[in-house]
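Same chain, two partners: chain A is paired with chain B first, then with chain C.
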Partner chain A sequence: MKRFVPLLLPLPVALCAAALLLPLAPLEGPPDLARLILLELRLPRLLLGLGYGAVLGLTGAALQALFANPLASPDITGASSGAALGAVIGSTFLGLASPLAMGASGATGAALALLLLFAVAGRRPDAATLLLAGLAISLATGALTSLALALAPSPFAFYEAFDWLMGSLVDRSLGQAAAALVPALFASALLARRAAALDRLALGEDVAASMGIKPERLRQEVVLFSAIAVGACVAVCGAVGFVGLIAPVIARRLTRGHPGRALLPAALIGALILVAADLLTRLAPLGRTIPLGVVTASIGTPIFLWVLLGMRGRMTS
Partner chain B sequence: MPASALAQAADAALRVASLNLCTDELLLLLGQPQQIVSVSHLSHSPYETALWRVARGHRVNDGKLESAIALRPQLILTMGGAGGARQTLARRFGARLIELPYPNTPAEVVAQALQVAALLGRPSAALPYRRQLAQLEATRPQLEEGAFLGGGGLSLSPQALGASWLALAGFRQPALPNGRFSLETLAAKPPKWLIRSDYRAQQTSRGTAWLKHPLVTRLAPRTLTTDGRAWTCGGLPMLAEVARLRARRSAR
Partner chain C sequence: MTPLLHAEVAAPPHLQAMSLEILAGEKIALIGPNGSGKTTLLRTLAGIDDDASSVHIHGESLALVPPARRAKLLAFLPASRDVRWPIPVRDVIALGLAKPDPARVDQLLERLRLTDLAERPVDRLSTGERARALLARALADRPSLLLLDEPLSNLDPAWALRTLDLLDEVANEGCGIALALHDLSLIGRFDRVWMLDHGRLVADLPPAKLLSSPEFASVFEVEPASTGWTLRPSADRRSSP
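Moving on, here comes the complex of A and B:
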């Protein structure tokens, strides 16, 4: 695999360049206009793609390590849709409409969804329990988000359900990108520092405790940092599924199954997947929109099934 | 008692309900207060119509026949609808249901006002609006490119009623894909004027957040704000709004 790594290096550069330059037509005007479009539209979109994708990959890897389950991810645990619910309730009913305040509401929603998952499924649930409990929380928070939007004071809010539940990076400003990515960066950095502890947790709680890890504290930290990072990004971009599942799965193959060591590669892969998915949405015919979540789900579902089938194979063999 | 006074008394006794925001506007502007038995719930909202204070003096319905019929209206006004069943149902309750078609031009708006005023027995009530439209038509300003802009980049089709009102105000609405601005279009080819709707601008939504993007706010020098509530129906309140837009552009 390592032989291929140098060949893969130009890929991030090519993806970032494509994200900035495509479609080319709007950039062919006067230079000051091209600069405006690049700086005010394409750059925040790219930064959010990279940052949000990295957050999904990183938190997905951390949650998979924490639950000792390759199916745990921000969307399957309900953290993403919980964040959307928190941000919608905060902004439409509590007047917390600034990007930072929405991020805080999103983080609260994500944390509550994760805590609920622990309460329902336990600390290290088997795949079926995790899936069912996560699915129930995701469906419930998704439905409550739609309900909150339907009852929001603005009649337009309901039409934004798609944006909230499928995600979008379009037409975000640099200010919004900063509001999402600065808290996400801090939380992600703190989460990344727990990589070694998460590797030890994979050996079992007792072994980890004997190596100086406090499992309960580690659990709280992973939930808190994941919730802050996911919440801040969802508040600006909506919930995007499957990236947090796919990226860690690929990353763990690169790190030979070490869940903690997979954190940073998962972040990088998540960033690339989301930027690539966002590029694919730009292929929509004029005047039509392909939601970001539709692209990530289309890529992610086969990988999800592959992981699931692999687990079934292991369980039955 | 003179015959005209008798006719006036009979008109005043007419009980009228409106099920639709657009017919609410017609009824509130053309009817006598004692004629109005009910208006739609939207009219009570300051977010939906500038006539909300007057509307709150009347009972509210939810836009369905059932919620108005108990008040025993003799005439029920609404807009759109396929006719048929609702009209038959209304007749069974002794009411006449008038389903006005959606108007396509300012002239059709005023023609509807004349029709409704006649139904209310007050034909002269619509005449000031006809005069106002004639005056605006006679003083049409030179057309300049100017596009309507709402939350999320929502604009108008050049064939829409709103575009006709814009033309009367002196603005030519450009054709846009799906009747919507993208931020890239707004950055690359901003129209000479932006007529920005303030409809529910204080309420949080992704659409209102879109209007705060730097690529939109940098166009403030060419932006004229308009009362977005009048554009929902594009009815009689648009006459005053057109005059206001003309004055605002002249002041720039």
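Moving on, here comes the complex of A and C:
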């Protein structure tokens, strides 16, 4: 499979170009307007797509390695919806306006959701326990997010629920993109340095500990860095599902099953998936825009089911 | 001669304080009834649990050495054969190496007769095959000390004997071995036996002396017999009419 990787290199470039240039029609107007569209609308959107997608792929891979479970991901564990709840509470009730402060409250929400999941499901939960506990946390935080928006002082807040729960990269400024991506990149770099430790964790916590890895500290680091990265992105773009689940699954096929070594490939694949999904939302017929979460769910659900069936096969054998 | 391992074990409440030494090339069998603390002792010697024990290997304190050095000092093989990810056998063995060394991996694949299975995901092996793959992982970096928790369970008799032969070879190269053992008929293959009971080290003897010791009879409640082992009439039964 590695032999084919160089053949795929033009793909990211073509995808980024398409994300900037499509649809073409708005760019055919006056050059000033075209420049504005490119720099103020499409560039932040592309950067957020790449960065948020990479964060989802990377944190998904790290959480899967940590939980020793290919179904763990920011959305399945409830981290994404916890981040959305944190950011919504921050903006509607605490009066936070700066994207960085919202990112911090998003990160807090994500971290609390992950800690709750550990408390409910344990360290190495089986698939059913992980799914059920994550589902409970996602449903509860999703409902609380809607409630928070319904009770918000601003009458328009409720209409934002869609963006928070389905995700959107539309109409974000370069400043917002920077506020999401700078902390996310920082946390992601720290997370990526744990790749070798996460590979050794595949041999079990005891063996990893005998090799000098502190499983408890590794767990805290993965939770903290994932929460910061996901929280910062969700605070700007809302919760996007499925990318963090499927990117690591694809990545591990390139890394001979190693969960830690899959971190960086998963980031790359996640970036490409999210940019492609966002492109699809714009290219829908009838001039309507499809919500981002709908596109990622349509791509992700078949792969999710495929993973689930694969696990069922292994568990019964 | 300075010992390879020197440990002051203090891991209450599961283990009582004990002082242990292993010489280079020495093979120790760790025996005791279920729940006597064999696994806990191996975990303590491997530096897994944060307890008050102090473990020195080659005079180096385990708590202070960096992870890359640890792989050279010791390897721990747990009783669980669980590997959650479908990683190929070759790669599982390579995880035991601090630095990549494909030639060493090939050598271990051949030695444990896993060459034909090298590319198979470890979760699709039989339990015995997986046990061999994980043993190869433990041996990979030629550690000075091997801590093996029931490495012979799940192995058929031939592979149990082949594994003991392999451990003899490793010990001849100077590696110290502590191995938790269930099959008491194999303790003759070891230089010394540590017998645990309720977290206490009740005997530290060569195998021949151990079997005839009163401690052995009272801890295991069995006696050697022509057919293997026979249950020893327990004290309470003897006192009843």
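Note that the second predicted complex is superposed on the first by the 314 of 317 C-alpha atoms of A that agree within 3 Å, B and C clash if a C-alpha of one lies under 4 Å from a C-alpha of the other, contacts with A are read in each partner's own complex, and residues count from 1 in each chain.
Methods note: contacts are C-beta pairs under 8 Å (C-beta built on N, C-alpha and C of every residue); 3 or more make two chains touch, one makes a residue touch a chain.
What you are looking at is a predicted structure, and each value in this text was computed from that prediction instead of being measured.
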Fit-or-clash call for chain B and chain C when the two complexes are aligned on chain A: fit
Contacts of A:Ser173 with chain B and chain C, given as first, second, both or neither: first
A:Val207 touches, of chain B and chain C: first, second, both or neither? second
First, second, both or neither for A:Ala68, with chain B first and chain C second: second
Partner chain in contact with A:Asp163 - chain B first, chain C second, else both or neither: first
Which superposed partner A:Arg256 touches (first chain B, second chain C, both, neither): second
Chain A-centred angle between chain C and chain B, computed on Cα centres after superposition, in steps of 10 °: 150
Partner chain in contact with A:Asp199 - chain B first, chain C second, else both or neither: second
First, second, both or neither for A:Leu33, with chain B first and chain C second: first
First (chain B), second (chain C), both or neither touched by A:Val120: neither
Closest Cα approach, chain C to chain B, once both complexes are overlaid on chain A (Å): 42
Of chain A, residues touching chain B in the complex: 26, 29, 33, 36-37, 40-41, 91-92, 97, 152-157, 160, 163, 171-176, 286-287
Partner chain C, residues of chain A touching it in the complex: 68-69, 124, 199-200, 202-204, 206-207, 209-213, 252, 256-259, 314
Touch list for chain C against partner chain A, complex: 43, 46-49, 65-67, 70-71, 74-78, 80, 82-88, 91-92, 95, 121, 123, 134, 137, 147
Complex contact set, residues of chain B against chain A: 151-153, 177-178, 180, 182-184, 187-188, 200, 203-210, 212-215
